[in-house]
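When the chains are written out, they are named A, B and C in that same order, and each has its own residue count from 1.
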Amino acid sequence: MDVFLTILVDGTIYGAWLFLIAIGLTLVFGVMKILNVAHGALYAIGAYAAATLVGGNVIEEVAGFWALPLMLLGSILVAVILGPFLEKFVLRLFYGRDEVVLLLVTFGVSLILEDVIRMIWGVFSQYVAAPYSLFGNVEMGPLYYVGYDFFVVALAVLVGVATSLFLSRTIMGKIVLAVIHDAEISRAMGVNVSRVYLYTFTFGVFLAAVAGAFTSPMLAVTPSIGVNAIILSFAVVVIGGMGSIGGAAVGAALVGLSRATAINFWPEAELFVIYAVMAAVLLFRPQGLFGEPAQRRI
Amino acid sequence: MIHAVTSSPPLAALVCAAALMAVGLMLPDWVLFTASLALAKGLVVLGLVLLLRMGAVSFGQGMYYCLGAYICGLVGNATGVQDALFLVILSGLGCCALGAVLGVFLSAYRGVFFAMFNLALSMILYGALLKATSVGGSDGIGIAPPSYFGLSPSDEYRSILFYAFVVVIAAGVGLATRIYMRSELGLAALAVRDNEIRLEYLGLSVRRVIVFNYAIAAGLAGLGGGLVALVSGHIIPEFAYWTTSGEFVFMTVLSGPSSIVAAFGATALFETVRLVAGQYLPNAWQLMLGAFLLLSILFLPNGIGALAAGRRRTRAPDAKEDAR
Amino acid sequence: MSIALNAQGLSKSFNGIKAADGVSVSVADGEFVSLIGANGAGKTTFINMVTGYVRPDVGSITSYGREIVGLSPLQVTRLGIYRSFQIPQVFTGLTLMENLTVAINAVTAHERPLLSPRKAALNPDSRDRVDAVMERFQLGKYRDHLVSEISGGMRKLLDVGMATINSPKVLMLDEPTSGVASEEKFDFMDLVIEALSDQKAAVLFVEHDMDIVRRYADRIVVFHEGRVLADDRPDAALAQEDVRRYVTGKA
């Protein structure tokens, strides 16, 4: 019984982490039809920003109190500085080209950002220890969990619900949904699609940075966390269906639970299990659980 | 004279190989090492060019490159057979076989899916190799220097002989690829990029074309990996890491889909820039790489192959919009 | 004569709208049949059902006695049922010669899946067939031009040429003369007829120009709102009262 509780809790925590990364990736893909490989690097930058603001050298008591607002501030800064810059001066040059070409472009951006990270923060691991003890420990039967992990779960729910509500309840959100559905027709109806792209991409950067900042206390921050993040969240997004937020949530939960199961019973197969789940889903639904099937037209 | 060379692929291959050999005889050992490396990696790029002709990009070609290197190293170490030709052919065939199997599944996907699934597969191999202590884990394994048909060269001639070996293989593979590209089957790959539905309505299976090209590309990556293993004498899991695959994609974009020589040329250019950058800007290598990638996509959408082929019309990778 | 194509009771609805409603059409080999009707009458849906692009909700289609409902476009094509398209579907990034070369490879590759590329590259037989089609459709002058450089009418010819190069048993041409200048339509159809003259293909072509229909069709199948309104010799079908009212508009 304990094993199943462990799997459930571990899987949920891991799934929350995945969802926080994947939601920005899937949103940007939904609106702009760009699979942003640089999302992982932006996630890493968010984590490093948090490390700088509330990491090792900062006095713990001060950091403890201010940690969460400071991490949010760091994420906003990352989004406001990098989002418009990347969208306006890089991506915009390549709109209208093949999906694969844009994939290459974001890959190039990702390479550049990784070196920028190394130049600013060096190659050694950094730790964001202070906020991790903010919420104490939680006792669950014979097991102890760190309270912060559950805070991240709550944050994932909050971000997911807030983003969905924004899309379905606000005018701006509905415009975004219209662009997701058909950018051409939206443009013809008078929607300023390039502004929607700008805002969406910036918001996507913000989501990546939030994911990085708020999950940084859970791990060692190194330059390579970005690539792990992008590969895993890509699997999540594919399982859920590219562009679907609900799909990303289900995908994250599925991947989280399967990974937790694997770690308990067959640790070597950790990565393999994630892709096995992805392959199994795609075998039956090539467009992902909540994706719309692509139509081939004559 | 020039016309005779350019219009006869076998002659062109012979002239290229002879020229490369002549240049090689004048080069110091350390340059020969880099040149051998560049030619071997050029084979991997050539495979990716075959995919690019179908409009497909793989972000995980490092998997086959790495696997080829490990096949070469592990078989060599386990059996004691050091024959270069035997080992690299084994690498190529092994990867080709795996490519044929995985290709059956991957051929259902296009665009970003195809690219990213390949990336995922390569990262699985990377992760597995890191944990596999029996094959050296993250330290990798060392390989004894190769022999050629029973002859083991002394240290003095090792570099030039290996260089000659790579030149011969590269010329042979280049020639075969060129013949293939111009054949009916090779043209079908271009047709996949243009209009899949029409291809099916002509009675040609798009998936079969994709699997065929993917398997060949995997085989070429394995061949290249085997050669690199032999020339460097040491192999590590990083061969499968995503930045390795990314570098291959970069070279492929630089090369463009239209020319064999461009594939090798782009690789040589890339390795040269890496050498220079490693000397002067060791910490900004990825940054330069990324910037170059963006610039070449922006200004050279068809790669350097299109620059060279001035008299032939180019085929832009995304010139298909007027079909709709 | 044997039945090249026999469709019985085909129905297909898209979101509740009946694009085909009990369509039955039978064509013998060597026959030239024109499909006419207003836009949306179900002609293209019929072609799409025969060629496996759209699966009928009910009904059966056989070709030389073999059921083909449920087969993919690829499988249907391999049975010898070829088609051309209203908007030419050709490989715009390839030259005309390369387009036809790909088309001809389709059959040889199917017969010999592991065909040696070298053999294919130097196969004189297939090159001859490409040249023959090139000549028949008067495309020779442009053989090394990219498709993106030639006119719409030429693309149309190329599209039809690609459909005919492998000796089809059944050939379905979706509006072959649309986009062709009206004074060139007869020449165009003459070329197509000429190209098919030495073959026993059953030809079905969608056409809006009644002069073309009268001149080239052995028989007309008239579509109206997803049903077959008439199926007869051209003069008889076109004289029918409801055909005049609903289709040709000369009541």
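The working rule: a contact is a pair of C-beta atoms (placed from the backbone, for glycine too) under 8 Å apart; a residue touches a chain by one contact, two chains touch by 3 or more.
As the structure is a computational prediction, the values presented were derived from the model and not from experiment.
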With chain A gone and every other chain left where it is, what groups do the chains form?
one piece
Select the chain whose centre, defined as the mean of its C-alpha atoms, is least distant from the mean of all protein C-alpha atoms.
B
If every chain is reduced to the average of its C-alpha atoms, which one ends up farthest from chain B?
C
Whole-Å distance, chain A centre to chain C centre, using C-alpha means?
50
Could you give the separation in Å between the centres of chain B and chain C, each centre being the mean of its C-alpha atoms?
42
Mean-CA-position distance for chain B and chain A (Å)
33
Residue list for chain C, restricted to those that touch at least two other chains
85, 89
Residues of chain B touching 2+ other chains?
197
Interface hub residues of chain A, defined as touching at least two other chains
298
Interface with chain B, chain C side, in the complex: residues 51, 72-74, 77-78, 82-83, 85, 89-94, 98-99, 101-110, 113, 115, 117-118, 120-121, 123, 126, 146, 148, 162-163, 166
Contact footprint of chain A on chain B as seen in their complex
55-57, 59, 105, 108-109, 111-113, 115-116, 119-121, 123-124, 127-128, 131, 196-197, 242-243, 246, 249, 253, 283-287, 289-291, 293-294, 297-298, 301, 317-318
Okay, in this complex, where on chain B does chain C touch?
179-180, 182-188, 190-191, 193-195, 197-205, 208, 313, 315-316, 319-320, 322-323
Name, in rising order, each residue of chain A that touches chain B in their complex.
35, 90, 93-94, 97-101, 103-105, 107-116, 118-119, 227, 231, 234-235, 238, 268, 271-272, 275, 278-279, 286, 296, 298
